[in-house]
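The two complexes that follow have chain A in common; it is paired with chain B in the first and with chain C in the second.
Here is the complex of A and B:
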């Protein structure tokens, strides 16, 4: 069975091979395990990019294959990041507090420790009480469970309400935008329990690995991200290749026909929406320890729109297209906005790419939509023509 | 013969227009029936009601020996009860192969989990091949449905209906846009299918209906005007006035 799946989808094998080679290559050139040609901060950028590729693959499944243009999947990505960030921040603060209180003549009571942690974490928003949502923050296992459960449940409830009422097309897109906006605005509040606009920070410090340098940690997270992308890619390739793929592509192309064939379309949409939300959350949980900080701005509506742009530029309806789009556009974006691209002096005006990059991206998006609807991935069709 | 589907006293209004007006009609098991009528007679609306797309304002739609009401059911539930529908425009999944189209329609568990874990089996493959044979697309199984000719798409869609193994097949204008030979073949497919299940054909084209050689129901302004053999209804003065007369007008 497995062999025939790979045999029927050779692109999966090629992708996994390319990903493995890339991972090994970066490791060999890294500071921790190799020549040091690639700086630790760039290893982190590449690791984060792999996480973005994973959410792009999820986006491609929900949009490119199932036809649901969700403009809210970054909400799930952010929730995954917050869930893992809560443990990281709690456990690290706890370790620091215990260390600093250890020198006191009288050993601190658990209550004192807990108060001190609360003060340390929530002092910035004028509070010292642990909100209810931090109840599991001291347990890595439970918090990792939250990475999957919270976004999964949100997607399930949101999707159930939306699909049951047969909200489709642009109306559904608007609804998903509203969801991510509402969540972002809520988290901006100081009393949301997640430190308002400060967000969670110091996430690059992994409790229990204080002695391990960032160079080594960056490679560990890079490998973890590559592994997650590989497994996620394989999983989604399997989902869309079989009969499930037939049905969800059918829903994309003609929802009514699928219904009259006896399929309960809403269940399928809900399945795809929820499963992609969970994978997005896992991608987020790997992304933010590499980014070091998460704040509500990360799940602003624009983030999810970028996600759709990556997938469109990379090529909808093919998983490797989503990976190419996300990697290409996000790396290019950080090159342009990070001052990598030289400014262009025109005499009367100087084009500064930090400002003009968005214009360039917008134009490319329009151009791709109009002239290359298959995106960058479509180029592969010219190279490897499928025998009909 | 026992009644398979009974529509009684059904009315539906769209924005003040009475598309279906106190319509009552019955279909028996393994029956071939043609429904004819001028544009706006309510033929397509009638199909929409039976398949759950449109909810009638009043009336009953009763199905099968258990006398189930179809009115509270969703489209997919009605489809699972054994009612298949072919649309006027051929609607197949153009991105996918003929085999995939048929495989999707094949009578198998329809839940997402069952579909996700679905494995290709020999018996399914045989069923697909048998249907492909019936609709004359054996050589096209691996082709992308979008590449098929108009007539082949129509047959594929009929094949998808047969794959569902429905007890009632509702077919909307199957012969539209077909060549003479294609029409003949379509007639054969439908008559063959009607040996084991009820087939209701909505048609515009009198010549095609004549070839079907079956009981005819004439609709006009949302209710039944006449019913019987084609000779019987075409000699009915009211039918001549509202339907046949119109084509000469």
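Here is the complex of A and C:
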């Protein structure tokens, strides 16, 4: 079974090979292994990019294969980040508090420790009580479970409501956008229990590994991200191949016809929507410890739209296209906005890319949609297959 | 003060004896003792005489006297106004002229005591209330309204009948009513006054009533027999045990609780040889061990004993917790309570009306923002994510016009058609270049127009900067239409409402009564059939798209007048606009109207329930819409029959 699956999809093998080589290369060149040709911050950028590639693959499955243009998958990404961030922040604050209370003449009671942690975390929003949603924050295992459960349940309920009433097409897109907007507005409130617009910070410090340098941590997270991307890619390649993949693609091409053939379209859509949401959440849970901070601005509707942009530019309906698009556009974007690109003096006006990058992105996006609907991934067709 | 001096000077220039028979100095000399050593009893005669004399200087004199600035020259016994400590500059009371300075020892100061000064103050108010100058009278009324003192009641009532100005008379009567309610002589007077003012909705009347109903929390072993008790609390039901015990501690009727912090400090202070009260320090990491150690310390008499739960219960049971009105008269508090209740009810109704007006104005803004979208999305089935940016373009057009045309009325009149033209052009260009190629791929239209939206937004940022730009409304739109103390609506919102109505009419007219509208509807229903009837669908699509975009531009001017013009303003409205169209029902102008009404009303309603938190209001509104779409996926006004087919 596994053999035939790989045999049917040689691109999966090629992708995994390329990913392994890339991971190996970055590892050798990283600071953690001596040579230091790639700085720690760039390793982090690459690790984050891999996480973005993973959510782009999920987005490609839900949009490129199943035809559901979800403009809300970054909400799941952010929820995954928040879930893991809660544990990171709690555990680290707890360690610091215990350390500082140890110097007191008498040992602290559990209540005192908990109060001090609450004060430290929520003082910034004028509170010191632990909200109910932090009930599991002291347990890494439970909190990791939340990474999967919370976004999974949200996607399940939302998807069930939406697909059941046959909301499709642009309506569904707008509805998912409304969902992520509602979530980000809710999290912006100070009494949401997740520190309002301050978000969760200090996530790059992993409790229990205080002595380990950021160089090592960054490469470990890079490996984890690469591993997650590899497994995610393999999993989704398996999902979209075979019989189920055919049904999913059939739903994209003609939903009514698939329904008339006797398939329960809603269940397939719900499965795809939920499973991609869970993978997005895992990607988020790996992303934010590398980013160090998460706040509600991260899950504003614009982020999910950029996700669609990456997938469209990379090429829909092929998983490697999503990876290429996410990596290419997000790296290019940080190069342009980070001031890496040289300004272009025109004599009367100097084009500064920090100002003009978005204009370029927007227009090239229009161009891709109009002229290259297959995206960058479409170029591979010219190389590997004969044009039909 | 300066004006008053001028008046005095002007009077001084008049021939002596023309305006008055005697000077102020004469009058004061005839009451020299009362001026020099004023007493509460004796001073009344002098003040009455001053009022009767109708001398204009009397006001200045009374003010100076109140401020302890009246001195008597020992040499000749004349009174002057004295300024400065030493030397004292003497000012003639009748003419206001400076008559030189003398040493402090040569004059003696008149020092009216508190009671006398109060009487002087009343007399002054009386003067001002009867002053021939309207502004001065109304200033006096303002002053009374600010301080609301019992002593002002009588002069105020005395001045009402003589008041020539009708508006000021009404104000005086109203103020007298409020004063009587608080300080009236008899219970009956006060109750009557309270009933009379209970027809008034204003904040100050409510403040007066609330002042009458001020209560004080109290705790005692027994309920006092003759106090006007507002409420008796039941501990546990309407007063938490912790709060009740706090009151007992504040009233020193019970020992304070020893909190966790206090216990820790006491323990820390009593550490001896690594142990406290027989418990090792390292074992003190839980509350039970700490309590045990503390109890041991208390047993040795080193710290005050813990207050146990049973002690607390006993002291709570032994006391009554109640609130007492500061006003002792039960009849008055009852009347005030009833009046306040009546007012609250009417305020509630007014607030509901006000909320309705607010919702209406918000709905008209949403309608303006969404109607263009309803045409492009609803009628043509094309989703235009750049619609918000067209709104922004319209607003910036208004801003640019105002840079060149300084007259605000004229500039708005120019800006409206210009904004339409600009965004019409932009819309047509976009339709020709992009959307035309994507008519059968709606999801890709969404993405392509989103790309345009990013580019336009950033372009606006590059041109106009990130800070908000003003779009100033004409002066005649400033201010608000005030119905009563609660209901008010600004003229700008009325203007936007009117504009929304005009556009509703205009669009209905264009779609239903013109050739273009007929062709648009034909192309919407069946492009192939329409084309075979000689209609050019390409041209119609282009014009429809231009029309929708042009209306967005006009909406931009309207929204810019009431909100800020920023490069992100379009993005703020785009989701709401889509919601409006989707909730209302696609492809129907009336549906958009219904959607805007629902969303505007809902948002205001939720904000009213939770006024401190507009973010939560938006969150709940979006959740509601998501649920709403579950139950009516086609919106409020759903198309039926063949037109409903996708």
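FYI, the second predicted complex is superposed on the first by the 384 of 388 C-alpha atoms of A that agree within 3 Å, B and C clash if a C-alpha of one lies under 4 Å from a C-alpha of the other, contacts with A are read in each partner's own complex, and residues count from 1 in each chain.
The working rule: a residue touches a chain if its C-beta (ideal position, glycine included) is under 8 Å from a C-beta of that chain, and two chains touch if they have at least 3 such contacts.
The shown structure was predicted, so the numbers you read here are calculated from the model rather than taken from an experiment.
Once chain A of one complex is fitted onto chain A of the other, the partner contacts of A:8 are absent, as it touches neither chain B nor chain C.
Shared-chain residue A:178: touches chain C; no touch with chain B.
Of the two partner chains placed around the shared chain by superposition, chain B is the only one that A:247 touches, whereas chain C remains out of contact. Touch criterion met: A:265 reaches chain B, while chain C stays clear of it. In the superposition on chain A, A:239 makes contact with chain B only, while chain C stays out of contact range. Contact comparison for chain A: of chain B and chain C, C touches the greater number of residues. By the touch criterion stated above, A:212 is placed in contact with neither chain B nor chain C. By the touch criterion stated above, A:350 is placed in contact with neither chain B nor chain C.
Touching chain A in their complex are the following residues of chain C: 260, 264, 267-268, 271, 276, 281-282, 284-287, 290, 383, 434, 437-438, 442-444, 446-448, 450-459, 461-462, 571, 575, 578-579, 582, 613, 615-616, 618-619, 622-623, 625-627, 629-631, 633, 646. Against chain A, in their complex, chain B makes its touches with residues 51, 53, 74-76, 79-80, 84-85, 87, 91-96, 100, 103-105, 110-112, 115-116, 118-119, 143-144, 147, 160, 164. Against chain B, in their complex, chain A makes its touches with residues 1, 239, 242-244, 246-247, 249-250, 253-254, 256-265, 267-268, 271, 388.
Taken together, the chain A residues at the contact with chain C in this complex read 69, 104-112, 158, 161-162, 164-167, 169-171, 173-175, 177-179, 181-182, 185-186, 188-189, 301-302, 305, 308-309, 312, 355-359, 361-366, 369-370, 373.
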